[in-house]
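Here come two complexes built around chain A, the first alongside chain B, the second alongside chain C.
Up next, the complex of A and B:
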């Protein structure tokens, strides 16, 4: 089985936000929720760099570990998913997530955040594959159709790579060899406790 | 038809030539890369993490939390919540239960040595009892629903299944968030009401020296004490200071990101959970000595009155003052008695 990962080649990201828009559109994500976002470091200054970030589907995922109702599970493809039926909206997964991936439909106080929503690697949730019920809660299930996440598929500069970790790491390595530079796989050390050696 | 013969042929030929040149040129340069790195000056992940411990930037959406690209501290939070915290909780709570069980075995129930006199005196008035029981009821609800967040999935979920446990946890969460306000009010009232009786006095040193008489199996050691003995004062200050720590950290958690960023929220949880489990252990001891552990102690908070002999044994200085006041005499140490 594959071990699904995201890799953002920050040397290629041009902050066009097409990945963000593609994600929102594909999954009909409600207003105020961003499963994917582009963060620009040193914006407008020398050394500016943009990185597209969503759930990294971590190894030993912190969100899954801290969840007080154990609503997370990891698929055979190592995609970290959760059940909105079990989620109690406590917000602990946001404190644990190194990448700010979990999102909540409400921001009201007294602990009423609503059911958590996050990037599913386009693999939706525990409902039966490609059903209306699944789409309403978690969005499209592209993985079940043999397709990869739309954000990466849409990326105009092919900065964002999604797929089996070994394959995307090899693609990135080849790129770095070819062009002679690379800023590394952002977040990999924290998420997977390994980096891409180039 | 001319387009077929010339036009359509021309472009593939040109394309093929360009491609051939391209294929010849590319491998030559690929060996050493393109030479220049356009992002050589750009920020580097490892450097940012080394210098700032996290990676922060700008986002084009209103959610300011989204500007944090990476906070590896989330892994530390995971380590605390799933590693240290359950152990801290289990050691404090089970440890306290074992200590109390051992104490009960060795010392047994602390009896009133002189037996009941039949005369009862008021110890806590209705207002004091109301404040105590409001705080106490709130604390027990908060303790159970709070422990649910640590141990629920380990102990309760296997018994009732994930669905029922999720439903219970949603209600537990609401109970925790709303009952918290009653607890905060209770802590404030407790502080204002009893602070004067809980300041150190001249009986404390001796009380501590003889261990409050707890360890005298003959039950003859009854160090003099005022309205509250040193052990009760320690409980009072644990409740007030622990309660304030729980309230402040709890307010951070009740209003997420209003007063702190994500790392501040993690710190609030470290404080809240650690103080919470320690307080639960302290209160278990308080409940023990107030009920099973000591004959006659529960009445003070139950009916509000205690037997005169019980009061003489445990709060001799206080009884003398009360009796002096009732007889219209000047209290022995001439100190003003706080209003009851």
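Up next, the complex of A and C:
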């Protein structure tokens, strides 16, 4: 079974923010919510890097682990989705997520945030596929239409990859081999130092 | 005078008894242990939507380097 993953090739990202704009337009995302963001480090300096970030659809999702109403579920193709009918907007998932993916439509003096919103890997939610009700709550369901997330499909520099994890990892590996260097985020040694035995 | 006091006490006792009983009933109804109702999405919600269509294959093809023929 294919596992859906995002992979951003930081050597190609030019911080154009087209992925952010395309996502907002495709899903009619309200003001104040960005399901995807471009994060830039060392901005304006030598070694500047930009990475497009959204929900990474974790295998053991921390958002799901802390949700008091258990509104998260993982689909058979490893996409982490949630039910807005059950969400109480407590904000625990926001604190738990290492990527800052969960977003909330409201801020009030009494802490009510509204229903959480996040990237759905263009797979919408638990409602019936490609219905108006589904679109109103979660946005378009491109996966059901036989397409991939729009942010990746329209990336002009082919930096953002989405789809079957094994296939996009192979595409990225081929790029690294061709270049002769990685983006500094390739391999277990990056995260766990040289001493890790894999 | 005695009758008036007696009737006042009865009224208060009535409210005490009635109020106490209803509070206990509400507390019993709300605090009674019930089975947790966690969200259990069905097979339809969790089924795989991903399909390797021509559209998706084209995405993989253009993102990789051209294959030598």
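By definition in this document, the second predicted complex is superposed on the first by the 182 of 198 C-alpha atoms of A that agree within 3 Å, B and C clash if a C-alpha of one lies under 4 Å from a C-alpha of the other, contacts with A are read in each partner's own complex, and residues count from 1 in each chain.
Heads up, the rule we're going with is that a residue touches a chain if its C-beta (ideal position, glycine included) is under 8 Å from a C-beta of that chain, and two chains touch if they have at least 3 such contacts.
This one's a predicted model, so the numbers in the text were calculated from it and none came from an experiment.
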Figure out whether A:66 sits in contact with chain B (first) or chain C (second), or with both, or with neither. first
Should A:181 be classified as contacting the first partner (chain B), the second (chain C), both, or neither? first
Does chain A have more residues touched by chain B or by chain C? B
If we overlay the two complexes on their shared chain A, which of chain B and chain C does A:80 touch? Say first, second, both or neither. neither
In the superposed arrangement, does A:7 touch chain B (first), chain C (second), both or neither? neither
Just checking: does A:140 make contact with chain B only, chain C only, both, or neither of them? Give me first, second, both or neither. neither
After overlaying the two complexes on chain A, where does the chain B footprint on chain A coincide with the chain C footprint? 69-71, 86, 178
Within the complex, chain A is touched by chain B residues 30, 32-35, 37-46, 48, 55-61, 63, 65-75, 77-78, 81-82, 148-150, 152-153, 157, 162-163, 165-166, 169-170, 173-174, 176-178, 254-256, 258, 262, 265-266, 269
Note which residues of chain A are touching chain C in the complex, please. 1-2, 4, 69-71, 73-77, 79, 81, 83, 86, 123, 126, 129, 141, 143-144, 146-148, 152-153, 158, 161, 163-164, 167-168, 170-171, 174-175, 178
Listed in rising order, the residues of chain A that touch chain B in the complex are 10-11, 17, 32, 34, 37-43, 46-51, 53, 62, 65-71, 85-92, 94-100, 107, 109-113, 177-181, 183-184, 186-187, 190
Residue numbers on chain C that touch chain A, as the complex places them: 38-39, 41, 45-53, 55-56, 59-60, 62-65
